Structures are given as structure tokens and as C-alpha cells.
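The same subunit A turns up in both complexes below, where it pairs with subunit B and then with subunit C.
Our next item is the complex of A and B:
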């Protein structure tokens, strides 16, 4: 299957090529099924292929959770086991039809995955590693010790297959069909809203939240899908081998699953299939190693991590991209973008009001009882010496840190307790002081994540705690025709900041100045009402700064309200309609640029005290 | 009453083993922000080294202990060079996976060299223990408890009162800044691995007489120790101790009153409970990413 045909990004002709790719893919699947039906295979080969196909389905689950979402799962064998035991006990002890048992197995695995994800994904990282290992250990204990139900260490024999597929050949055909279908699903998932959200969370969770992705829900969805595929693979496995026992689903097997996806490459489905195939055949080839086989295996894991971090498929893709340099992206005609949900009006009405906002870190009052009013369609600058609390204030305004006290109202609605992604949905956009882009995604995909967010939801502070259906990442949503619209919208945002031609590039390959522009485009794509810019001029040369000033003025001309932090007074004076000055977490001045920059306390804060007699030793910093 | 006191003593004894291994976790985590999934295998290596030295080579017990500790210090350095150092600039995920690979390599390497038969090691003391009333105090458990307390005290003094300890803390919090301040970051991390391997080896030496010496002994202890560190508060020394002791006691009582086969599940159920209610652990603080 051709990678370029499947990931074709140009809007024109993409649908046709996608159709052709799907046609070829289905033909390949049918050919594979026909091959196993026609070619007489030994029982041994059948078993090996059956194992490879069912394992690969479970490993594709890891592609989703580890490759797309960047979360570890050390319990895939447990989910595999849940599926397998459901079919095993379902078709024997409960005399259920195969398909019913399979469905139950898939549901149980997915349910277990959801519960596990809901409890541990807020923490992530090594907590998740630990929780999955714990779950794996507990499940093995239960399978071994609950003899009355699971038959204990002896395992479950005589598992039945579906009526029409009782022979090994046709059953293998079923497994292969399932594998092709799952691989297609996982491949397509990458270009859906949920798939892009997953990759955004993987690359930069904080930024994902801020552009409107509910990172937690996305991770739970990824984990649940992964567990579901684990259960599905396990259910098919049980039918294939007609016998299961607890040791087939131990922690060691979870590590095998993990190694498979890492060896092949976690970033795309072909890697998962490749890794699974290799590691199932490898034991056959490495028989001569006998007792040290597993030790070699452990050593191989370390070597893969060190020398081939993206796996075989990832390595091949890197080579491929080296051979084919980036072509300039031809977006065709780009319609101008409706940049904001607002229209230009300078009526002086208030868009954001902050009252008594405080953020304390232990005894340190980083933000101390701040009052702030931002008026519609103005550029409002926040200045102050280093460490005066500017970024902390911004973090509190868009929900990254929870304030110690105070109220934040966006258009009169209290948003103080809303998470960042909900605030993004209400029209707060933001960029970061140290650029936070989704490094492994293309420029276009970065901006598409920003564009994807739903239109202003009615604020329902009462709903806090409940899951809002509208903010849950959806699989359907704007795929297909809608995705085209989304793409055009993202391109328009890139065009506005002047870098549409680089849309196809990997974001990491861009210059620092261009990366800043991508970040601004990503925020604009969400059609914000109010845009927070945290030191957008930092690290830019004076030509780039002049361009930035022009960009800010154009944005204002479109009716956007901008709240900007910067140290460059010349720039602030040029763009700002209103300035607020912070020092030691307190607001020390507020007004028009000419008023504020002449304010004695501001001069003291920036330049230090002239007369020692009055010294309050604030010092210049 | 006597029965419960006996359980309490045994639980604290088992718990102090968890605490000792959890200390090693906390150390490496504080220096590198990485969880070492092969920490338990340091203990396994220590125990096997003792079997080889004290039983197979019939060296004196104290000399075997000394050689074992030296070997593990060296092994810690090797481990750092082979497993952590090449991945030092990558995210935590490749490092975790690499330490899991190391764990498989070590366990199966020892298995290939020594076979699956469990070995046993005698206690350092001729006296098995003493009784007060109904409660029997096993001398090995008392040794474990005492050594744990001593190591904790040392570690506290080390981190809070010595320059190298402070350097290690600085390294963990911000590698770049630490290196700008002239702290030899890589050397500091190297020392951390060497010390924590030694600590793991010490745990192995201490538990070898209580448990059978098997290739899997380390990872099962380490999982509990890891659970203990989360319960106590990750990276927190006091938390590691309290969490370890609590787990040991819970597990012992659970096995006595609820179910023996599910003994190993209690630790994890407690862990789930903590993650739901108080994920930062007893002594931990919530840490959020800097924007």
C-alpha cells in the first residue's frame, strides 16, 4: 500500500486517490484471504499465521495509545486475555454463540480500559505504567486463582469457533479480514479529529489543552480504543487455538506486545504489523539461542530504543523523506478567513473583566489581588519587570493554573473554574513565551488542530464536573467533506500570517520566527474573540518585529481583541491602546501608554530609584 | 492479640524491604526524573552474588557482603552507561522501556547462567530470633528494620546536609541550569546510579535469607516498592518509608484475614484507591508543567 497515496494532502484529487487506495487495499485483503484458503498450509504454519494476525490486531491498539497518543500501556496482554477468556468461557461454560461471546469480550476489554484510563490518565507518565502493570498482575492472579470460574492454571480447552468457519483455513481468513479492517481503521483514525487531537496531546499536552483539545478525554478515548482492539485480538486468538491458559496473558506477554510495536514502529499501522510478524517468526529463527533467547530479547529492546527509536517503519519513512525533499505546497486559491467571531467595533465595551485575582505559590504571591478590564477591539499590553507575575496572570486567565482567589468573567460569564479547552471554545486564544507546537506534525495539521474547535458553546458553569457531549472528541465530526473545509480554514489562517507555502512542512523544520507565526495561526484558526500573546517578539530580529507589529495591527483591524505581554517598550508603544503594569504580583499602573510610561512608580520599577532617601528597594531587574 | 502483634511485626519487616527498594527508586527519580523498572533486579543480583560468593565459593559472610556491594556499585555505573546515558536527552517513555528491557535481560541472563531452581541463603545470625509473650521476633527482620532506618537517616543527611546531595537535587530539578552552575550533571547522575544499585544490592542481601533467591524475586519486590513510592508520594524519601511500611502491614493482614492467594493483589488495590482519591500520595505535592 502506498503511503503517499493515502496521506495525499492536496485538496484537489485527494478523494479520487483515496478511493483508488481503498480499492487496492481491499483487493490486497481479498488476495491474502484467497491465498490462505487455496494454498494448502500445514497445521503449524496455520497456527503461526493465526497467532500473527490476532497479535497484530492487539498491537495496532498500541499504535493508537503509544504511537498516536504517547501514553504507555503495559497491560495489553491483560486486555487480550479478557477477550480470549470471554470467548473461551462464553462458548464452553455458558454455551453462547461465538459472535455473542466475542462481542462480550470486546466490550469487557474496552470497559476495563475505560475504567483504568479514567482513574490514571490525569496523571500519565510513570503512574500509568504502574497502574497498567498492577492491572496486569491482578488479572493474572484472578485467572490463576479463581479456579471455580476460570478453571485456574489448567486453562480452558475445547473453545468453539463460529459455525461456518470451523475449519482452520476459513477461520484464518476471518482473522486476516479482521486485521485488514482494523489496520485500515487505525490508519484513517490518524486524519480524523480524534486522531489529530491524540497527536497534539502526544506532542504537547499543555498546548493541546489551550487550543481547545480536551486532553484527558482524548487520552481516555485512546486508551479505551487500545483496550478494545486488545480484547478483539484476544477473542479471535481464543477461537483460533481452541485452548487458553493464564500464562498466555502474563506481564511478559505485555512486554512482547510493546516490543512488537516499538520494533516495527509505533507511528503507523504498517509498523505494528511488521513488528508483530518479525517477533513471531524470530523465535523460530533464534531457536539455536535456546536458554538465552529471552535475554537476547531484553537486550534487543534496549538496542531498539537507542539505535532505532522510531522502529523499522519509522526508519524507512525517514529515509524516504530524505530521498524526496519537501515540495512547495500549492494551496490553490485561498478564501480570506473570518478571523474572529467578532466584528470590528470600538464601542469600549468590556470583553474580559478580572476582579481580585490572586495566585499564591506557598508564601509567594505571584499574582496578588489584580483587577483588570480588557475592552473590545483594543490592543492591551501587560508589562512589568521579570518575575512580576505576567505569565502567571496569563496562565490563570486561560485556565492553566487555578487561581487562589478572584473572578474572571469573559463577556460577563464567569469562567474562573473552566478548564483551558473550554475557555478556548468560548473564544480565548493564546501563544506561549517558549513556543509550544506539535513538533512531529505538519504545519497544516498543527493549525487544523486549532481550527477544529467547536463554536462558542453556551457557557454552562453549572455543568462543571459533568462531561459535555459537545466537547468530547468525536470520531465522526468533520471528516470527509468537513475536513476539506477545515483544511481550507487552516490554510487561510496560515495565509493570513504569510506562510501558507510551508503548510506541508514538518513544523520542526521551520525557523524560529516562522514557528512563532505558526503558533499565532494556530490560535487564529480557532476564531478567537480575545487573543493572548506571551512575548511574541522574543527572539525576533527587528525586521521580523516590524512584520509582527504590522500583523498585530491587521488583526486589530479585523475586530480581534489582543492582550499582549512584551518587554520591547518601543513595540508596546507602537501597538498598545492600553497598558497595565505589574510589579511583585501587584498592579502598579493602568492607563493609556502616555500616562503609564510617565507614571513615577513604573519608572522606578524599570529603572530603579533615583533618590536613596525614598528607597523601597524594589531594585531594577 | 498476640496473633495481630505478630502480623504487625512481620508486616513491618516485609514493609521495610519495600521501603529500602523504594528509597532507590526515589533516588534515581530525583536525579533523572525517570523511573527505573530494573531497580528490583539490583536486589536480585545482590542476592545471587551472595549465593555465589558465600555458598559456592565459601567465602566468609561479611567478605561476601563487601564484595557484593562493590560489584553492584560497578554494575550501577555499567547500567547507567548502557541503559540510561544513551537516552538521556529523550523523553521518559524510551527510558522506561529501556529499563524494562534491561530487567528482562538481567532476569533471563541470570536464569540462563544459574537455572530456575530457587536458592537459599542462611542468615548472618545463628540465633533465629526471640520471643516476647506470644510474639516471635525474627532476627533477620530486625536486621532489615535497623539497616533501613540507618540508610534513611544517612540519605536524609546526604540530601539535606551535603553539597553533593544538594547538587543531586539541583540536577533533578533543572539539568540545564545545574550544568550552567558548574555542577557536573553526568557525573552526578552516574554517582546516583552507582549508589542506588548498591542500595538495591543491600536490599537483596538482606531479604535473601527470608525469601528464596529466584530470578523473579526482584521484580515482584520492586513492583510493591513502586506502589509504595506512589502511595507515599513520588520521589519523597519519607513517603517511600511510610508507604513501604504501610504496604507491608496491609499485605500481611490481608493475607491472614482475607485471602492468601490474592496476597499480591492488595498492594495494587490500595494503589488504585490512592490514585483515585489522592494521586499525589501521602507526602507528595501536586506538580504541574510550567507554561
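Our next item is the complex of A and C:
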């Protein structure tokens, strides 16, 4: 039985629709190209359209870096200029063919973008923005002052176009074809693994890391792609206008690019194209206003930004969703999920061992010389007063904070120095005390990000064979290749926690309890061996807590090991095989629930004398 | 006359109706608990009362005055303090600054008076006294919860809205918070409390309201709610000791 047959007709229908959409899109592109070839356009109109098309390609780069990945780039004009000057100098001073010069320009821009992206390791937010501004300024200075090479402020005239496309009409056709192709690429990118990783980084970088996304590599990729498109647009621009000069690629132009993408809407390619078209055409339309036209233009831009903060396209989409309320998601048949890379075996073997782990914040010893052993296929609870270091310990275990000292071994392998996404790849999953989901993405997309991990285990080949024999739907590779397999896997994870019906909803619209379940599903989709849950019961009522207890027991039944922090002692008592108690960063007790919960020191420091939760709640029946 | 009255209040997030004609009343000096499952509309009720969310229709009256449509700032000035779920401590301010900011609604407060009241809050929550100069974000979740409650009390409210005060707190601290809630009422503050922990809430409350899908299902004194078999199994959980 093939994978697609198992999942019913949904994927095939989606594939058919996608084929139809692509057909219509290609037809529209051809029609646009034919139109500019057939309709006689004035030189003025040709220039405007050429500018709009080449700018839009660069602005689509900003859709990737800003809209998808959430990083500020104030140097897009510099990348645009790198592409433009490569074609300008390449086809004149070096007498290279147009296409070779274009390729060089694209590569140089992409390389510069990658270097800029590399600085995002240590810098974020406005610091990163300042780095991009500095880069922009440096490039402008080089273009202006390195007269021997760039010809300085005079610029480069007589830039050549490719053979066969020397006339303006056909060349504009080329630019339009390129724009359609780039827009399609950027549109499709959003639903690829990289695209989802970008959005995850944008919405919550920390959570992206712990579900296995290499946030740093993702940001570098976003900057590289964005710069590549900037260079590509610039290269076509140089050919179109046959003349370039440094002032065309100044910081002010970078701001214009940024305004274009924000005005049109950074979330999707149509926004970039709309914004570019509007900002290029609007001044032309307003010229009849003579002296005040710039003021009106500025005022119009401000009004759009105030009333459509998500841009024109974002505004249109909001209206569209209002008119067409979301249909309930029909997942169809959902194949059961192989939850873990393990089979149930409560054999007392150690999955995680921690020796002398410390984390100091200045003088505060948040975690102080902790020893901890978690046995395979058990539920191990961590309790302690507020501020005793429980969450810090968890953060150290999965790599969010770097321990001051000590060793963490996962299945005998020292993981103390590994970053969070590598540990996720090794089978550590987790949820957060304050839910960290990718707020702007759908429930399904959130879980799909968790399902795709870049780093296969060293031991994976053997395991892959075993898993695949037992689980028919995932015949090809770990979770099935392509988005279809991922989607089925993510749906199965959602089904396991009981909320597959909400898969199509925006995750922000879910209730608190459901968001907790999505977070658990996202962790499960990564097929963890060891799952860390930070207060999963907080904010749930007793009915939901009972469901959570059943869920935890099912997870254990599937072979998972669970390390859980919670303050609900009735729940902890029901699920835990072993309890460790922290106070002031030190381990004060460790043992079975019955031992630990009677420990005098634990009662004094944590439980209190009354212990109402234990005697009264649902666990006591 | 009740201190707070809601009549047929309707509120919605986009297309989703969170409150579908809710009617309830809180008398002066009472502790009232709002109970019910996630998504039943408990937090929304508090948000509508404190003005964070405008009601679509219905009547809200506080101390005899209609407050429907007033801004959150105006409602705080009337004496309603809201301690929202999820703590929302100002991360870049110190604990002491966070707490003192809670007194922002007072008319021309003296610095000394605010400092003295903040000191009282550290008396209520001695656990956070050692961190008074620490920045909000450095605190653990439970410590932040204490700061949030202290900040709400600083406005000397007539009505205190508490959203899940026990969330994420160690059992010992939960007992302490509930002792504080009982003390607050003794000092003359009326409390409207949202809780998942029905046992705790009903142990201090005078009356409880149970909501489901934005509507009132049942209300009454804690004993009456406990004695109702259906209510107990569906909404309160387990048995009572």
C-alpha cells in the first residue's frame, strides 16, 4: 500500500489544485510578457515598468528576510548595487557576456549576504539592523571613492544587454519573466522545510531551537537568499537602464525598499509586488499636483501604514478571512504515529545522567552541583519551591543555557556542549512553562516544524529499518519525504493528543489548554526519546488534568521517558515513578513518591503542613 | 445594591463568541469564585470588567455606575484592579519598581506613602523581599506571580480581579496566597477570583459561579455547589474532605 493511498484523497486533490494554480500562473506570466511585446509602449512607460519589475525582485528578497524570518535588513540597496555594478563593470570594463556578469553579480551579492547573516550569531534586533546600515554605508563609500575601479560618482555608462534581448521590449519581457519566477519561488519557499524554519525563528527563536531548527543557519540562509535576490534584481536593473551611479544604491534606497515591502505586506510575495508597484507609480500619478506632490505622496504612505499595519496584502487577507470563515479541518484517515525511537522497556537502564551540574548567574547559584539519573521509560518528576532552580536545570539539560560546570550524558554520550537543536536531533523534546508556540502559524505548521529535524542520529540507520517495518505510512525515510509525509506525521501527533480537528486553525486562536496540547504534539512529532514537560498541568482544570494524566500514561506506554515539573502533587503522585526535589539550587531529596512526599525537609520547604491538594483533589478517590 | 453587576453581557473574539449573555453580581465585601473549563469565558469576563475588552452588548455596572465602554485606565481609577493570568511583570524594572507602579492610579501619591505601601507588600510576600532590587525577568515564575498580585494590591482597589493566582505556584505558596486573599477581604476589598483549582477557590469564596461556553450554568454557596452531585463531578472534581 502506498503512502498516498493510506492518507486518502486529500493530498492528491491538493496536488491537482497546485498543478492548476501553476498552470494559471504560467499563463498569466506569458500573457504579461506578450502584452509588453505587442502593445507599443512609450520609452517612459517602459522605464517605469522596468524599474518596477527589477525593484520588485529585490523587494521579494526582503519578504524572505523580514516577512518570513523576522530579521531587519537595511542594506538591500547595497546588494542591489552589487548586482548592478557587476553587470555594469562586467559588460563594459571586462567585456564579459551579460549572463556571466549577471551570475557573478548574483554570487557576490549572495556571498556578502551570507557574511552579513553570519554576524547574526552574536547580534539581533536593532544591533543587527545597525550592522546592515554600516555595510550599506561602506558599499556606498567604495562605489563613490574607488574611482579607478568603479569610475566614482560619474557612474558607468553604456552597459550592455544580452544578445537577442537588446531591444527594450524584449528585455522588459525578460525582467517580467524573472519577476514571475522569483515570486513563485518565494511563494513556494514558505511551505518548504526552510520556509517553515524561517517562520518558526521569526515567531519564537528559542522554541525553534529546541524543536530541532538550527536558528542560526536559518538566519544565514535567509540573509543569503535575500541578498541573492537583491543582486539579481540589481543586475537586471543595470541592463535595463544602461547606466548606473552610486547614488542609485544609497541608504535612502534601502529605506525605500523596506517601505515597499512593509507597505505592500511582508507576509507574502503579492505584498512585495504591490508595494513596489505602488511606490514607483504613485509619485508618477501624483505629478499633476506639482509642488505639493511629494507631501501628498508621503501622507498617503503614512495613512496606509496607519490603517493597514500588515500592509495592503495583509489587510486584503484579513478581509478575505472575515468573509470566508475557516472551515473545520477534516484530516481524513490518520495513520497512527510511531511516537518514539524506542520500544517500551522499563529495564532500569539509564537514559540521562547528570553529574555535578551547576549554573551560576553572577553570585546566584541557580543550580548547584546537581546529580541526577533518569531511568529509561519512567516518569521522573522534579519538584521544589518557586525559584529553586527547576526551570534553569531543565534549560541546562536541553542546552538553552550553558552550564557553569558538570556533565550531561544522554545514553552515555556527552551532550554538555551541544546546542539545543542538536540535542533535539538526539531525542530530547520539551515544552515550556510559558507556552512558546509559533503564534502566526497554523496548528499543523507548528507541529510540522517539530516533525522535521535536520540531524539524523548516528544510530539511526538500524532504527530506521526497524521503525519502517512496523509503520506502513512512513515507507520513505524517517517521516516520509516531502511535505505530504510530514503533514501526515504532524496530524498523527495532533491526533494522539486529541486535537487533530483544530489542525487548520491559527495557533493563537486556541485556548490555553489546547495550546499546551499543541506544544506537546510539536515535541512528540520530533519523535523524542526523552520528553521534558515544564508545568504541563498549569492552567488546566481537573477534567483536563485527568486527560493529561491519561496522556502521560499513554506516552509512557509507548516507551517514552518523561521528565516533568509540576506543582500539582495529586497529579505528580499519580504519574511519577521517581521524584527529585530541589531547594535553593540543591537536591534535597530523591526517591519514590511515597518516600519523598513524606520527607520532613520536603514538607517544610515545599508542601506545607496542610497538603490540601493531596487530600482533596481528584487523585485521592 | 451589588458592587458589581453584569447583565446579559456579550463579548467576542472575531467570530468566536466568548460570552453569550452573562449575568452575575458581586456584593460588596464578598469573595466570588468563577469556575469552569478552559475556554468557558472566565478570563474574558475579567477582561470585560476591567475594560481590556469592550463588550458587544449588555450592561456592566460598578458601584452603581455604568462602566461598559470605559477605558481600562478610567476603570482602574474607579477602584478595579486586574491581576491578569500569566503574571506580566515588567521585565526591565526592578521588583520594587514593579510594585510601586501598581499605585499609578492614585491621585498624587506621595513617594513616601508608596514606599511604605510597597514595604507592606513585602510583609505580605516575604519571599520576594530579597529580590526587591532584582529585575523582573530574573525572577522565577512563582516569584513573578507574587509580584503581580502585590502590584494589583498597590492600587488599593475596591474590587480585585484575580486571574489564576495559584498558577505555577508551589503548594506552600498557594496556601499562603489564599491566606493573603482572605486577609485582603478582611481589609474591605471585594475579590472576584478565576481559578482552575476549585477546592482552593471555594475554600475562601462566599459564592461560586460556574461558567460553560460563555454562559452561567449554576451559582451558589460553596456548600450548595459541593452538595450538587452533577456540578461536583463535572466542574469541581473529585470529592471533598
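The working rule: the second predicted complex is superposed on the first by the 546 of 621 C-alpha atoms of A that agree within 3 Å, B and C clash if a C-alpha of one lies under 4 Å from a C-alpha of the other, contacts with A are read in each partner's own complex, and residues count from 1 in each chain.
In this text, contacts are C-beta pairs under 8 Å (C-beta built on N, C-alpha and C of every residue); 3 or more make two chains touch, one makes a residue touch a chain.
A quick note: this is a predicted structure, and the numbers were derived from the prediction, not measured.
**Student:** Who does A:391 touch here: subunit B (first), subunit C (second), both, or neither?
**Tutor:** Both partners, subunit B and subunit C.
**Student:** Quick check on the superposed pair: does A:542 touch subunit B, subunit C, both, or neither? Answer first, second, both or neither.
**Tutor:** So A:542 only meets subunit C here.
**Student:** Examine A:255 and indicate which partner it touches, taking first as subunit B and second as subunit C; both and neither are also allowed.
**Tutor:** After superposing on A, A:255 lies in contact with subunit B but is clear of subunit C.
**Student:** Look at A:410 in the shared chain and tell me whether it touches subunit B only, subunit C only, both, or neither; answer first, second, both or neither.
**Tutor:** Neither: A:410 stays clear of subunit B and subunit C.
**Student:** Could you tell me if A:400 is touching subunit B, subunit C, both of them or neither one (first, second, both, neither)?
**Tutor:** It touches subunit B, and subunit C stays clear.
**Student:** Answer with first, second, both or neither: which of subunit B and subunit C does A:567 touch in the superposed model?
**Tutor:** In the superposition, A:567 touches subunit C alone.
**Student:** Of the two partner chains, subunit B (first) and subunit C (second), which one does A:119 touch, if any: first, second, both, or neither?
**Tutor:** In the superposition, A:119 contacts subunit B only.
**Student:** Quick one: is A:138 in contact with subunit B, with subunit C, with both, or with neither? Answer first, second, both or neither.
**Tutor:** first
**Student:** Can you list the residues of subunit A that touch subunit B in one structure and subunit C in the other?
**Tutor:** 391, 433
**Student:** Looking at the complex, which residues from subunit A come into contact with subunit B?
**Tutor:** My answer: residues 66, 70, 72, 74, 119-120, 122-123, 125-127, 129-131, 133-135, 137-138, 141-142, 144-145, 205-206, 252, 255, 258-259, 262, 291-295, 297-302, 305-306, 309, 391, 394-395, 400-401, 432-433.
**Student:** For a test of understanding, state which residues of subunit A touch subunit C in their complex under the given definition.
**Tutor:** 322, 325, 361, 383-388, 391, 433-434, 509, 511-514, 535, 538-546, 567, 569, 605-608, 610-613, 615-621
**Student:** What residues of subunit C sit close enough to touch subunit A in their complex?
**Tutor:** 13-16, 35-39, 85-86, 127, 138-143, 145, 164, 167-175, 196-200, 203, 234-241
**Student:** Report the residues of subunit B in contact with subunit A in the complex, numbered from low to high.
**Tutor:** 35, 37, 82-83, 86-87, 90, 92-98, 100-109, 111-112, 223, 226-227, 230, 234, 261-262, 264-265, 267-269, 271-272, 275-276, 279, 288-289, 291
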